[in-house]
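The same subunit A turns up in both complexes below, where it pairs with subunit B and then with subunit C.
So, the complex of A and B:
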């Protein structure tokens, strides 16, 4: 299945792509916990980040990850480094003074640490997002015995998204052609909210009724086991790896709470 | 009735589809509203509507899943704020139970209450995970407060509250307006509505 622009999934056939989705989620969990609870300051975070980068390079998604991370982290750092460098309340040690503004060490370290933590977590979740097709996630969820209604809640929005987006464009053009004033004063623009949002929501409601009936006709709420079109391969090694990651995460949490 | 039976009563097939639709609405309405260049995002309009129509649990679920799915398709950063969206749904449902969506000025109060709880859940996340900064316009307010000598916690609280208050109040009032415009046939599917309007 190719990426149709709705999801972030990137087509590929690396071992990471065929790894069970829960394993990748376990990796995200482990990374999240490790980044905040592991001893040693920035060293485990940097090590984890390095490992993740190697994984992304091995699966061919590194360019996409780099682009995305840049788009997210760069603006963040442009805000964080100056604001914390100049204004963090814990600042004592001046590093650089220009005119009347001073950059402090504590603020920069604080901002740097947060940026490192965020980058590591974001890249870990990008591994999950870029190499897992949502339909595979859905199948994996169903296999664990998750009620089909919950699995539906994950899959259905993804499928309804393109249709809704087209509808929005239609409504926008329709209202524009009726003279919707998007440049008037603020009161006029607030009043224009109603005619813009109401058709979308009310139209959505009439669709809900039809969809609910269609689902009922297909035995949506029946209790028997359903067979899936998409098979998600799983193996003993992957399962063991998953449980190891979750266990490590729990141990780290325990460490943080106890020490 | 036991708690699980009460929850089951809220969740018909219609509810599931409503939640799915609300998730999509949350994601796409922002695009529509950006046409008007107002300082609001309306990314919880679906959550609030579900909360009012189907109760706090459904509302919380809608909010939680919106951010998780958003994280899957757009930016993992949104997934970090999933608890905030969940809180908005739960609070909206509870406000509706106490009749705060009966007319438009009560809806404004509901919007304010939602903003408070939004801040309560968002500030710790913003503070602990992001050091108080998330690269949005609110950061200027945070920087300003830091400059005035306020501590990081206080500055973040003020920015989160101010940047969200207009959005959540408008969301609540819009939700009230939309629910008023719904045909009786659709409203009759929601037993909770009997107590809210």
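So, the complex of A and C:
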């Protein structure tokens, strides 16, 4: 299925794309726990990052993942490296001195470690987001017997966004045609917010009522066991793999608490 | 036995100062195609909410009288239960989207998923509904990127897919272009021929007169007209309630006053059709 601009999903047919959404969620969980709880300093983080690099390259999402991740990590690096390099309280091994300022090894290593952890977590999450269509996640949730309202909670914001965007544009055009000046300095923009937000909120309330009726009429609260049009492939191997990941994450948490 | 049986139905919304439905009684038989007409705030939508048990289950105002659908009292059946007997298409298609479906096919299948229909059966019924409404080519598109007319067809397909014996449509032509309106009415005629009972509210009298068997007019919550479509079109009551000023009803009136009106054949949906029809007759 092609992404329609409402999600970050990138169409593909790699094994990662067809992997069960819960498996990829388990990978995100394991990554998050591993980078903070695993012993061995930077080595498990780097190993995990290497695995993620291989997975993104194999599933054809390498450029998209890294473009997205670097957009977050690079600005952070620009702040974190100098701040910790110059000002970290544990600094004691000077690397470089310029006028009265000294860059220290410990601060740089600390910032580097944090950035490595963040990069690993962000890229693991992006693997999930870029290779899992939200509809597959909703179907997977439904198949577990999860209440439809919970699936609705996950799915509806993604689909409401384009409609909301269209409505904002319509209201903005309508108010501008009636003389509202929503450009210019910050004060003008704040003053223009009222006439733009009020119709949006009131319209949303009215639509919520109609949508609730429509959902009710379409059996949303039916007591039947729900079925799903969309098939989410799963296998015994995938199930074992994801339970192993969850178990490893739990063991690492236990290790962190005990040691 | 009527499939819809309403007796002395009166309803007032909790916050409104006037009655929405005022002592309405009507029966609709299986296979009938009934047009509901009336000016704004006449009570058409409220009547449909009562038919689908949204009144009194979701709108809890003051209600008196009885509404029976396939011999079941709506006060005793939930909205979801009534939905298996009545499929409802509301006026604004956008607000009827589930909000959790990423393609038209999934949107149409939504009610079947909720009813626990098996996947193979679901696929068959969805493809059939898409084919009837002529939107098979939209099946893999996102509903949030469709035009109003296309959405209206998606909503109609979503109503047809559950195969309910009664179909209720509240002004379904609002977002359709002239070609789309004719297509919709042709689809409805096919459904009627297939045995469905159809109740439809619309402001387009020319279509209502040509396609429906019977017209019921509402005004200020009261039923003011009820009879065969061809007779109702030239009723003076239409003028009184503000519905008689369309070009179509004026032509019908003129035809009647000039002795050209025939109750056996309805007028065409366009002036050209009407004039050719009259010429053929005389």
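By our rule, the second predicted complex is superposed on the first by the 239 of 259 C-alpha atoms of A that agree within 3 Å, B and C clash if a C-alpha of one lies under 4 Å from a C-alpha of the other, contacts with A are read in each partner's own complex, and residues count from 1 in each chain.
Just so we're on the same page, a contact is a pair of C-beta atoms (placed from the backbone, for glycine too) under 8 Å apart; a residue touches a chain by one contact, two chains touch by 3 or more.
Every value quoted in this text rests on a predicted model; they were computed, and no experiment measured them.
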With both complexes overlaid on chain A, does A:138 touch subunit B (first), subunit C (second), both or neither?
second
So, does A:215 touch the first partner subunit B, the second partner subunit C, both, or neither?
both
For A:207, using the defined touch cut-off, is the partner it touches subunit B, subunit C, both, or neither? Pick first, second, both or neither.
both
So in the superposed three-chain picture, is A:152 touching just subunit B, just subunit C, both, or none of them (first/second/both/neither)?
both
Between subunit B and subunit C, more extensive residue contact with subunit A:
B
Go through the superposed model and pick first if A:95 touches only subunit B, second if only subunit C, both, or neither.
neither
Could you look at A:57 and tell me whether it touches subunit B, subunit C, both or neither (first, second, both, neither)?
neither
For A:230, select first, second, both or neither according to whether it touches subunit B, subunit C, the two together, or no partner.
second
Quick one: is A:76 in contact with subunit B, with subunit C, with both, or with neither? Answer first, second, both or neither.
first
A:164 contacts which: subunit B (first), subunit C (second), both, neither?
first
Touching both subunit B and subunit C, residues of subunit A:
6, 134, 152, 156, 160, 207, 211-212, 215-216, 220-221
Subunit A residues touching subunit C in their complex are 1, 4, 6, 133-135, 138, 142, 148, 151-152, 155-156, 159-160, 162-163, 207, 210-222, 224-231
So in the complex, which bits of subunit A are touching subunit B?
6-8, 36, 72, 75-76, 78-80, 83-84, 87-89, 110-111, 114, 117-118, 121-122, 125-126, 129, 134, 149, 152-154, 156-158, 160-161, 164-165, 168, 171-172, 180, 182, 186, 189-190, 192-194, 196-198, 200-202, 204-209, 211-212, 215-216, 220-221
Residue numbers of subunit B touching subunit A in their complex, please.
11-14, 16-21, 23-25, 27-29, 31-33, 35-38, 42, 45, 49, 61, 65, 69, 71-77, 79, 128-131, 133-135, 139, 142-143, 146-147, 149, 151-152, 170, 174, 177-178, 181-182, 186
Can you check the complex and tell me which residues of subunit C touch subunit A?
49, 52, 54, 58, 79-80, 83-84, 88, 90, 92, 94-103, 105-106, 109-119, 122-123, 126, 140, 142, 144-145, 158
